[in-house]
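So, here come the structures, one by one.
Paired with subunit B in one complex and with subunit C in the other, subunit A is shared by the two complexes that follow.
Then we have the complex of A and B:
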């Protein structure tokens, strides 16, 4: 977590504006960091949020604290996946990696986002729900969250980490297009049981016209057809064609 | 590819908001990609992005120069930038296609517009990533006004408190929309924060 030198701190509160998860509070004219809330994203340090230079990161001993820092600080590369940012290429390179192929739908469930954050207990709840509905999760060497799980088939997490708070973390997986509705319905049930939010992204292979039949299915589940998205324009090589 | 996906706002305010991501695939075509990405950076710089940066040294709004962004491009190189002009995005893709660099390019924006661009350039999109809104305990979300700003940083580096503080300062006439836009963009490290769009959004709060 971030340490604040109480001798240097003047209690001005400038640092509060740089914490995305509200971990910094000022009490009795001194700022302090909630160790259970800080996600070690280091935004405050990088942006020199303290005019007195009173903020420094502490050393991270526990695996889960180090993991949280790596996922939360996009300047750090995740060792297992070799990818900076949040440690996953998701489908930015789908034209080359073929993570999501024709006849499949990829789900990217961006837990805690935007601007809320999340406890891993809620992330596990969602992971278990979508696994039970047939989503096949990406392994840990592709998607960092896999490193927190003991069972990728069920979405079960390592014991004792449920109270760890994250800025955001992505549950990634795929399912046959025929089961897209099943996973969406599982999300519609579990969204009522969690104490946070998630942003949902779907990854679809498109045909030569840039279309996917799955898009037309969305209104069946009460979902509007999105107007905004990201298009992988297919310039990567070697190009995956299936 | 979610980190530039979930931007919020009216169709009008999202109209001139494009993010370009050039990404070598680790374990596939990453080796030797740095030179290609340096070339892409030159093209982007020439076209004039609204923001550009790198995970290694931050963005042009947080103190990095274009030369530093190039020099510090790592062994896991990525190019991220934003444009506020469709014609520039189109020209970037046209030139990258012509050079046939073989690296994955994704464009984030209004889908119809990106697809039109692909048709014009005779490119066949491979995949699409769709944003299907926010789910769960949405009562805890920042205000929709704040979300317009903070969702432009896909890594969650921009806090609601910073946005609210800057909106207050613009309302009070203590900062111009341009000054506020630069400050709100600084926590973004990769360069996808669209400063021009932020400036337009802050204009709404200028006292009459």
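Then we have the complex of A and C:
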């Protein structure tokens, strides 16, 4: 977590605005950081939020604290995925990795986003729900969250980490398009049981016009046809065509 | 990583993100030279912001410094402000034939025709299905329109609202506020032009609300939300902006 030198702190509160999750409070004219809320994203330190230079990161000794920092700070690379921050290459390199093939749908469930943050207990709740609905999760060397799980088939997490708070973290997996509705319905149920938000992305192979039959199915589940997308334009080589 | 996908709010048709991506173990060699080809295309069409997450963006550091740090580990990405810029960028990148993956993130009604005009057919799309769960926890919509331009959460709601107060008070211009906010995003995907517009509108709306409250005889509250003040547990306030009643308009 971030430490604030109480001798230097003047209680001006300038640092508060930099924290996305409200981890910094001023009490008795001194700023302090909630150790249970700080995600070690280092936004405050990197941007010199304190005019007195009173903020410094503490050492991260526990695995889960270091993991949280790497996931929360995009200037740090996750060693195994080679991608900064929380995520993976997902759809961005699908033209060469072929991770999501024709007849499949990828789910990118961006927990805690936008601007809320999330406890791992809620992340596990969602992971278990989508696994039970048939989503096959990406392994830990592809998607960082896999390192927190003891069972990728069930979405079960390591014991004792449920109270850890993250800025955001992505649950990624895929399923046949024939099962897309089952996973969506599982998400519609579990969204009512969590104390946070998530942003949802569906990764699909598309035709030359950018269309997918699976997208046309969304209104059946009460969902609108999406208006935003991340379009992989197929320039990667060697090109995957299946 | 879906940090460009879920943008919200107005002026999305002036907001497109390009990403250059190598796949680990497949086409991840000779990246520095290929990255320079991407950059040449981006600069030729007028890319308003770009960066390399390992070194920072051109709104955080001098452009020559960011260029000098391009390496075989680089992952470049940037912002374009019009669909015709997307088309021209894609044409140039296609000609460069780097073999790296290219992604354009934005409103599909504009991105897909821009791809077609460049002679490209989409391979895969990550479609945004929006926000789910306990939405009452979200920041205000006008704030989210700005903060969602950095999907890594490096731009906090409190700093957006603080910038709006600074603009409202006449201490900085909306354009300067946009650039200050963009400097918080190390990737270079934050659209400072759009942010300036949005923050300017927040400031104007706040000013109008304060005027209406004053004219109506009520005591004006900080109309831009002042969420950062919530961190004061002992009745303090944001010392930097002087927001609220009596503030300079």
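The working rule: the second predicted complex is superposed on the first by the 240 of 242 C-alpha atoms of A that agree within 3 Å, B and C clash if a C-alpha of one lies under 4 Å from a C-alpha of the other, contacts with A are read in each partner's own complex, and residues count from 1 in each chain.
One rule holds for everything that comes next: a contact is a pair of C-beta atoms (placed from the backbone, for glycine too) under 8 Å apart; a residue touches a chain by one contact, two chains touch by 3 or more.
Computed from a predicted model, the values in this text were never measured in an experiment.
With the two structures aligned on subunit A, subunit B clashes with subunit C. By the touch criterion defined above, A:183 lies against neither subunit B nor subunit C after alignment on the C-alpha atoms of chain A. In the superposed pair of complexes, A:12 makes contact with subunit C only, with no contact to subunit B. In the superposed model, A:68 lies in contact with neither subunit B nor subunit C. Once chain A of one complex is fitted onto chain A of the other, the partner contacts of A:120 are absent, as it touches neither subunit B nor subunit C.
In the superposition on chain A, no contact is made by A:137 with either subunit B or subunit C. In the superposed model, A:22 makes contact with both subunit B and subunit C. Of the two partner chains placed by the overlay, subunit B and subunit C both lie in contact with A:208.
Of the two partner chains placed by the overlay, neither subunit B nor subunit C lies in contact with A:149. Residues 16-20, 22, 41, 43, 46-47, 72, 74-75, 77, 81-86, 89-97, 100, 108, 110, 113-116, 167-168, 170, 187, 191, 194-206, 208, 210, 212, 215, 218, 223-224, 226-239 of subunit A contact both subunit B in one complex and subunit C in the other.
Subunit B makes touch with subunit A in their complex at residues 1-8, 11, 14, 19, 21, 23-29, 55-56, 58, 62, 74, 76, 78, 93, 96-97, 100-112, 114-115, 118-119, 123-138, 140-142, 146-147, 150-151, 155-162, 165, 186-187, 189-190. If you check the complex, the residues on subunit A that touch subunit C are 11-14, 16-20, 22, 24-29, 41, 43, 46-47, 72, 74-75, 77, 81-97, 100, 106, 108, 110, 113-117, 167-168, 170, 187, 191, 194-206, 208-210, 212, 215, 218, 223-224, 226-239. Residues 1-8, 12, 19, 21-24, 26-28, 53-54, 75, 90, 93-94, 98-109, 111-112, 115, 118, 120-135, 137-139, 143-144, 147-148, 151-154, 156-159, 161-162, 183-184, 186-187, 227-234, 236-240 of subunit C are the ones that touch subunit A when the two sit in their complex.
Across the interface of their complex, subunit B is touched by residues 16-22, 41, 43, 46-47, 72, 74-75, 77, 81-86, 89-97, 100, 108, 110, 112-116, 167-168, 170, 187, 191, 194-206, 208, 210, 212, 215, 218, 223-224, 226-240 of subunit A.
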